[in-house]
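The chains carry the letters A, B, C and D, assigned in the order they are written, with residues numbered from 1 in each.
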């Protein structure tokens, strides 16, 4: 039984870590960090855990926390983790950072896209990018894991086998993504009010969304060449879910079976990545509440392109679930422990 | 390890039984009954269980099924269970019927409200009304359990302590209920299309909804007098959730603490019924995906009435979850086994 | 052609006045008041009027405004209108106040329920309660109209004929109301975020909602006796719409035809109040975007009660539409001018 | 005053024509055609027009109808119009067909994508593609107008200026579109039930949606070369609205101002096409209920691509509104007559 602390436990990702850990037999949550609700009972913020959690929300004292727990989840805004992390902390606890602070290896790229000065660049190299299906081995030994972004996780896993095998022309890659509104966070902003989001769809961050360099970097590694792509996210009137529709030109003519075999090669052994049957398109409803990513593809002979698609719950595999998956790896638990929820429908 | 069969496994309640039993360590599903999808893979109907279930949908052969399983869940339309149940079947398997066929003890009342001739009235007396918090003991020995309706469960549990203790004037009882759309079933009806339900609220079944006599009967038992009440359900644009707002005149002046003590008396030991803190109103979002019922009340001194409120997931405690809770009791498992899901938010 | 100014034009009610007045041939909007967006182009706040409105948002200078326009709409928080209104202003312009400041004749009641000191009680008697169907004549001559609340409008019009004719026992009256989220306003509050409202229903303001005394006062006038009732509003995941379900005991046995005749007596000549056919329940989708109120009733012989129902668009008949209807009366325009939009479905 | 008949008046597009024509001073609807609701009062199908329309639904007798009206709107399934249209009918009335029957000039292409034998190919050449902004002149003299599809309208208008001016490489064009659920029609299908659509997003018709050849044909005309592209539609949980996000490589480096000037050149005089300010992305909420199409673009210097975006109400400019716009042109009315509704928000 390990002990966990959550900084930022009253955001959507933070409370989802709570939900998942409550069902995890080997973890006990010792610290519900929340600057906004200090001393308030946690269940008064999230009524779903009434009679399940009696703890109060505590201030973000990572120094103290490092002495009390084995793992810290940082579900905090960009820049926070980098501003508080120290060698001393990392010597005491494992840290899983859900922000972008340690996802991008090139500091200049981080600082340009996030418009923040990085305050702990010395830990960037050590930090492991926590996409479990790719970096499983490194994660097991990591002290500091950079939990991937929601869009990058879904985008990368949809494209990865074809990028890795050189099937597609990476210069033609375009990612059109759609997300439920929990991805926009729990801040009190007019733009995220019910009446502003409901009955609406819009693109945002067009050509400058901050998840772009993260996707590019990871795809560069697996395709062995610099990748520059278009990434356009859209806000959809639903609570959870990310859908990725990606387009690229095939480097030559491929049959359905050939591409299918490539996806199978990479994902047959992956419990959380499901390659759907032919002509079945991923839908967010089929993964809601679970750590699954459903992927599939369609070859368009007319244009010589392939359409790669992926669906995922942005709060689970896109945030809290992947964080727990990383924790499982880091502590030697079964990788899927506490993460085998059947997707809930409807 | 017991074996279960589900007749009507491709309705919303049926597939929710599947979701819950997949997470139940002591049950194996052997039969996915579905007249509409015979020989189709179950996961082709519900993509959430892709790679989790390989079974195909099978015809509704209850005779054959009775030889193969220990318990049958009947998630079927009114009248079906009564038309197929026999002494032979009941001698072989336990049956949990999610329809209304065995909920109402007076056949004439059933036939009047449901406008169906009851084909197995000989089993009505034997059948146990499966509201676990009330009939726990009888359920343990039952062969045939009538799983309560969604509205009756939420209505009854919101009112029960006050009805039982004679606190309210039962002649003044009015129940105004609101349900998510999964309660309307998975039939292909224009009225349940997305564009017809979204951005709309309406009452239906006003003064003649078929759950009325079921609520009245159960409240009559606990208040020891015939109860006639108004029950008005409303359709709300959301997938899951039932909210009950009930009104009655208090028989005398009561303090908050006195009423609270009464609720506590009945529910302190009940894991699935949560009596909320003062002035916290039940909300469906805090119970979604779980077997909890959240109840609370508000005394209105100006009018001498009390407002009793309850929130519940109609597919869990209102259908599949309560069915599994009944199964647990019938087979001697821990009552909450497989039902401790933390409500999922948002 | 008259000139209009709108204070609070960037709230949901304010922008709806803009939408309606843009389609009104006899009115020109001269002033888009908004403290929050001073000097910003109005269309930058509400993209729907791009290329239709070039004006900027202006500070709330009601003194200056009074010199420039013929009518001022105050779509402002409680207390604001009372804090700025003066005899001089009223001598220059007509004022339609969408807040509650002048709706309640008894200052003590206002101050108790709203917990605000009333700063202009000298105008309360003069102010006319702007429920056009009831006070049409007085409105025509008014300088200051108190535009009714959304819940009171829908509640009152659903009940009015039966209260007026003494058909129901006013001591038994219970109003259970449901509203779309635009009724909660455009403030940046966590509780009104998309993910907090979507997939949820809850009661709020139970036994103490501030629209209660307004409904009671108006019903007292028409029933000629003090009315105390229960009013419970609920928040529904939809943008627009209010549904009222009201319950009362009938004073004697009535036939459907008798009650229908009473509704017809009061509403046959009312363009905006539609008494539906027998057994058709009001639905908010059928009035969306329009100034209609759809009402109907159902007699429950079993309980001796009648269920009165009403559906309305909270932003139109419940706010902006009724304000324009009042303006039409005050300036001698046809009462329905600019208000004949066909409800938009779906 | 002209007389209109609507075949298929009880679908979503048909009822939207009704809504718009009720507000059109020069048109009287004489015929509410509906095979599904023959002899039922029209308002019993669509409660929004209660007390506004007393007509009953009539069978689809286009021969009889041709003698009684001046214009027929065919809001019918693919193949119906082609199966009933004759020279005699066209000699008597003008026909606006909202199906795809006469949109595609090449019969083989139509028959391949729609998998229907075309029964009136002799009228294809005569039929005018009713995209008013492009074919205004020809529409004025047409007897038979093929009203464009919803996706093609929004896609084409988003891309048209750049295709026409040779700014983009048409071989790189990818259109990722998102639609509200009214676009899926009013048929009673399980896939369109509330609980199946809500909280979900999915792609459909990937690489084979039938609107593809229509978009390609129209873009071929304006770019003077055959266009083959990728078009991927998605189903979004909202009632109305289409959003198009299109990607193409720029043929050379362009500044924002240069591209803006090109859009302005084509749309400055177009009332219904609004080119948004720099960096403002189109959102469906800002056009809901109106005939506007909001377009904008973003140049991505990193990839050398341009992202073209458009938002529109699929039932108005994408169906009924454009049909009325066509009617206005055909009968010499002001083109925007009856179509100046301000978009309704929220």
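Note that in this section a residue touches a chain if its C-beta (ideal position, glycine included) is under 8 Å from a C-beta of that chain, and two chains touch if they have at least 3 such contacts.
Keep in mind the model is a prediction, meaning the values are calculated, not measured.
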{"item": "Contacts common to subunit A and subunit D (chain labels)", "value": "B, C"}
{"item": "Candidate from B-D, A-D or C-D with the same interface as B-C, over half of contact pairs in common", "value": "A-D"}
{"item": "Centroid comparison with subunit D (C-alpha atoms), farthest chain", "value": "B"}
{"item": "Centre-of-Cα separation between subunit C and subunit A, whole angstrom", "value": "45"}
{"item": "Separation of mean Cα positions, subunit B and subunit A [Å, integer]", "value": "36"}
{"item": "Subunit A: positions in contact with at least two other chains", "value": "12, 182, 195-196, 198-199, 237-240, 283, 285, 288, 346"}
{"item": "Contacting residues of subunit C [partner subunit A, same complex]", "value": "12, 181-182, 186, 188-190, 192-199, 237-239"}
{"item": "Residues of subunit C defined as touching subunit D within the complex", "value": "12, 15, 19, 22-23, 44, 46-52, 182, 199, 239-240, 274, 276-277, 280, 283, 285-290, 294, 340-346"}
{"item": "Subunit B partner contacts - residues on subunit C that touch it in the complex", "value": "172, 174, 176, 178, 180, 195-196, 198-204, 206-207, 228-230, 232, 234, 236-241, 243, 245, 247, 281-285, 288, 298-300, 302-303, 305, 307, 309, 311, 346"}
